[in-house]
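Every chain is named by a letter (A, B, C and D) in the order it is written, and numbering of its residues begins at 1.
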Amino acid sequence: MAKPLNIGMIGYGFMGRAHSNAYRQVNQFFDLEYRPVLKACSARNPEKLKAFADNWGYESTETDWRKLIERKDIDLIDIGTPNNTHLEIVLAAAAAGKMVLCEKPLAMTVAEGEQMVAAVEKAKVPNMVWYNYRRVPAITLAKQLVDEGRIGRPFHYRATYLQDWTIGADVPQGGAALWRLDAAAAGSGVTGDLLAHSIDTAEWLNGPIKRVSAATETFVKERVHQETGKKQPVGIDDACMFLAMFANGSMGTFESTRYARGRKNYNTFELNGEAGSVFFDLEDPQYLQYFRYSDPGTGKKIESHLTGWQKVHVTNSEHPYMKQYWVPGCTIGYEHTFVNALADFLKGLETGQPAQPDFRSGLRTQKVCDAVLDSAKSGQWVEIG
Amino acid sequence: MAKPLNIGMIGYGFMGRAHSNAYRQVNQFFDLEYRPVLKACSARNPEKLKAFADNWGYESTETDWRKLIERKDIDLIDIGTPNNTHLEIVLAAAAAGKMVLCEKPLAMTVAEGEQMVAAVEKAKVPNMVWYNYRRVPAITLAKQLVDEGRIGRPFHYRATYLQDWTIGADVPQGGAALWRLDAAAAGSGVTGDLLAHSIDTAEWLNGPIKRVSAATETFVKERVHQETGKKQPVGIDDACMFLAMFANGSMGTFESTRYARGRKNYNTFELNGEAGSVFFDLEDPQYLQYFRYSDPGTGKKIESHLTGWQKVHVTNSEHPYMKQYWVPGCTIGYEHTFVNALADFLKGLETGQPAQPDFRSGLRTQKVCDAVLDSAKSGQWVEIG
Amino acid sequence: MAKPLNIGMIGYGFMGRAHSNAYRQVNQFFDLEYRPVLKACSARNPEKLKAFADNWGYESTETDWRKLIERKDIDLIDIGTPNNTHLEIVLAAAAAGKMVLCEKPLAMTVAEGEQMVAAVEKAKVPNMVWYNYRRVPAITLAKQLVDEGRIGRPFHYRATYLQDWTIGADVPQGGAALWRLDAAAAGSGVTGDLLAHSIDTAEWLNGPIKRVSAATETFVKERVHQETGKKQPVGIDDACMFLAMFANGSMGTFESTRYARGRKNYNTFELNGEAGSVFFDLEDPQYLQYFRYSDPGTGKKIESHLTGWQKVHVTNSEHPYMKQYWVPGCTIGYEHTFVNALADFLKGLETGQPAQPDFRSGLRTQKVCDAVLDSAKSGQWVEIG
Amino acid sequence: MAKPLNIGMIGYGFMGRAHSNAYRQVNQFFDLEYRPVLKACSARNPEKLKAFADNWGYESTETDWRKLIERKDIDLIDIGTPNNTHLEIVLAAAAAGKMVLCEKPLAMTVAEGEQMVAAVEKAKVPNMVWYNYRRVPAITLAKQLVDEGRIGRPFHYRATYLQDWTIGADVPQGGAALWRLDAAAAGSGVTGDLLAHSIDTAEWLNGPIKRVSAATETFVKERVHQETGKKQPVGIDDACMFLAMFANGSMGTFESTRYARGRKNYNTFELNGEAGSVFFDLEDPQYLQYFRYSDPGTGKKIESHLTGWQKVHVTNSEHPYMKQYWVPGCTIGYEHTFVNALADFLKGLETGQPAQPDFRSGLRTQKVCDAVLDSAKSGQWVEIG
């Protein structure tokens, strides 16, 4: 009964692992028509590719991703390679009529992103960008509270995405493992890597950003290249901060860095509205903090002596995604955000209601990222069309 | 208009300071008929007494507390001396018709406590035991929530009072500063010092305890006496833990120690009921944590996706005592619990509704303490009459 | 190269799911000689069994577990059925020379447990009890800190395991899903279900408990039986609390309940020693809280102005198990405790160093549980041999 | 022996109370040569002034502050009136040779501030601005950690000061109690009121800010004036956010608002450096959070499995100011920040080392505030000279 969906995975790095795990796990926890089959994976290094395929159970391998795309037995191309390869692969996959899932950020630039959107829309192939954090149950719950009217008129949004793993001047750049530090492969530094997540979440919860003022910094100016062993100038932004005005009139602050000692995966946001507020921190992903001031519909205020920030342990059966897993009080982990995202994508195939964010939505995030980088360069506020 | 109330303070140690500060501060923050006047203080060491009197603004001193009690110009005797002196002073003060405020625990034993209650009741003098923690606004709020029906049928009560300041085997016992480690002066160790607070709070919030099973331990068996310089056996309980059954059918666990590394003033309680729960920790005194499950009256349940422990920052104007101080969000400190207690006592003089806990109520706590120590000695459950 | 290990799973309930997931996932994350194969599963209801087998990828099914044990192609029997079935299955499996993994608690009573230990030791078959929480990385880290001498002389251990899912008097007892509320199937209530975990962890970290004083309570006296639809007396303990003295001279308090409103999976422990303390809470499983007072070896004290409870986010590569998963800052979930336990078991097969807790160790926990229930019944302190 | 210091207090609002309390309390807790005497207070409304004087124990009153300044028996003028009165009073007080303590912000503009600095420096009178939060013990401790080299090379500073008390459109503006909402009296909104605190703390801890990009917003455009009863445009900034570059090369984000639902006094900062990080939140003023990565001098790294954010309960005797109060574990409150500030000022009189921030330092904060408001108006980055 289950419809097999043959997956062709490109890339075997960190995201290759995370996506492969999702394909293996989704049907055990979600009731779905489609059943992904790990048909083939592709990467250049044949030995590592073999080990990867064996580990995750891929039936076959291709060292040339073009061959993978040409194969008739592949339904869906999943892209887990560095950012500078997304465009070419997407165009080829769409041309071949394959569904496409692409790791974020979608593109190196808005111009690239526009080509990619055009390609998948012309080919009418299902597509999604892996902004997996939308599927942290607590973040999905935040969206639900917004939609229920529990935040009310929004005033403020503040987001940080802080890490600390590149502080050491002896961390090299480039190569397979560290391409995120190499501007040629990554396009940008924390802006595309971390802020892109923050922006995707922010616009999902609080609508479009219309103008930004930004600054970036590169704290370590030169690093050894992992492959050449030579010192080279660092081209990426180590840190980026920006002010934002949202279309709905609320104000936003955003910051991301890999130089915040002690913050490992501190992806936080807070949204303050007239009726309530929410706060989230990815280091404590099982919680959504909620301040309930008044209720939608009635507008009834909570008695003042009872108000306080509530730590909602997002593991009840009534919480997003959680009924699929264990019992109340039992947490899920990082990897399940990919499982949840995939479940939504597969459900979208069933229902004909495409899962979000699709490429068009991913392009939107790209526009904000580009505006941020433009503003940091020009020192001016930049409008987003 | 203000009626002066002449205070005679006995003892200039830590509690002498805390009480004196309360007398100086209460009228600036509370609107009261009575205005304490720091008339005289008493202690044996004349130099230290002089310094104490000067510091706090006492008008005069007495090195013999009996003289203080005899003075016509004293309305109220406040006892801040070691536990083994309470009985004698109370009896004399009551006989002289003075109001009496006594530092906790009221007595060394139930037998002593009964004499003290008899004395003040016979003399009909206003009296109170300084169980100041009832006046932490968050604890008073907990009592309010219980009274509002927000906890409902109670199932569990758990309390700890953990400190770590006597772990070092080189801490001496006895003397003016360390009489709490000397069984002769203190009667017991953590049971009278820390657990007495926990028990007073517990019975206030959850009603009488009817039976207990306890164990005590003395981890450091010998300590140098501060005055003699000689090693002596330690007579106090360093730690005490007990199980309790409350008259209302709920179960309790209690524990206190001065050997919990890292806990400085970790006086906590949690009460779990059918309709809700509360949690408090004296190291974070500005918070009451509240889990709201259903509301009194209607019994209406909070929507499951919105439930979570709420950190109520107990600094709103609607919170107990807080309107008297600053503005919402501004905390008060340890010393204000004494100011609040005193304000309640003075208000009780005005209204004729005596503030609690009076000596009779303090005797009740003594009964539980004695039962706990009896149980620890006998290894049996002990009923409390 | 990988050695297949053919699994025969008995039971398809909650634990059947959790264990099956572990078999499917362990080799993707751990480098191991053995590779579990989901050969067969067994349960009485053929339709549900079929659905379960399909979902998790079992190759075959048996509606009679005896047939499963007889099969030559099965290497390991895993028991996920109610407690009252463990004995018979273990005896049969051991007699058939199968490895045995048994869900906790091992047995209904010490007498049963002794038979089981005798059987597996006589048959010399590898065996383990699924006390999965030892493999929460933060708990394993606590054990590491103990072993490194960072706690020093222990004074106090306190554990709670609090839930709130049976407060409603309309929750039925018995049947496939709710056998834990049925004394005939479960043996005891929270004592075997929750306290057994607390005891296993406590003795692992702090050594044997030598005496206990306990009390239990059944708050809801009658419940409808899920299968018969009739009201029946409730035979289990709804809540249990006990005092403990450890062999090392430290004191312990333990409490568990399913009536602590707002606590969903609040499995906590705190260990206070002379050199440091640790605190853990299963609702925040990514953290171990650590108070560092002095360092082992040198005994050097941390400067007083720098001391404080540290929230260690147990997701560094240097933390137990975490290198196998994602990157620092990325959490794992409840299910991974089973994956980790299985990895340890399989590694034990490789190295010949059996993973713990084996049945003998599980029997030890059973002895404490029985002593606790005896004490609750007799009202006396009970020694543990 | 104690030298009396005759205080002339101008203003009886919230700050009048906070300062008066400090004068009454400082000598009971700090050992100081000078002893403030509450000589006189001044305000326009004679009845309210009388009540205020009675409450706090002022010996006399003046309804004209010029008379107060003229009095020979006044040594020190303390200014607790709205911002638009500071200039005139300071000039008069300095001309009269009085010491001057001024509530923050010092001035309406840099131009005003420069006149005030010139006046007190010409008159050589001791002076201080009441940036009381420097004297929260946890913030003073943060400064100590910076000075000890525990932060190392700084990368990031982020500060918020969030409140929620003006969200309601029915809150009036102006008048005695609400002059902070009236641009004519306050000069600015949250910038001068809240951000000024954040900036003072930031520059104290992390050195001068050299450029800023800011945005402000007024969410409620019209409010009824408290005195006239008429609706008037709102002239203040309800919220302000800005990006900052520090002279030391680190990046900063700042935000303040009175529209962050659920945040009552959420004055936070975080400083991330190569060697460590600190975080503070005024709603939890008893804590400084500290991430210790490596130690100064040796540069030795903490073992990776032991690292975590530490909640330092800043109540040890070794912590700033705390030895003067109670015992470890006992908190102090909001009001004590004024007591501590005053103690520092009085100690400065003794030692001849003036307490900070003096007017010159307060002018520096004014410059940043003005730059922030300029940037918000122009939409450009603004340099600070």
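Note that in this section contacts are C-beta pairs under 8 Å (C-beta built on N, C-alpha and C of every residue); 3 or more make two chains touch, one makes a residue touch a chain.
The structure presented is a predicted model; accordingly, all values stated were derived computationally and were not measured.
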| item | value |
| --- | --- |
| Most distant chain from chain A, judged by the mean position of its C-alpha atoms | B |
| Pair with more cross-chain C-beta pairs in contact, given A-B and B-C | B-C |
| Distance from chain B to chain A - Cα centre to Cα centre, in angstrom | 54 |
| CA centroid of chain A to CA centroid of chain C, Å | 35 |
| Centre-of-Cα separation between chain C and chain B, whole angstrom | 41 |
| Sequence positions of chain A contacting 2 or more other chains | 307, 309, 313, 316 |
| Touching residues (chain side chain A, partner chain D) in the complex | 155-156, 158, 160, 162, 164, 167, 213-215, 217, 219, 239, 241-243, 245, 249, 251, 253, 255, 257, 259-263, 270, 272-277, 291, 293, 307, 309, 379-381 |
| Contact footprint of chain C on chain A as seen in their complex | 14, 18, 21, 24-25, 27-28, 55-56, 163, 165, 264-266, 282-286, 313, 315-316, 325-336 |
| Contact set on chain C toward chain D in their complex | 141, 144, 287-290, 292, 303-313, 316-319 |
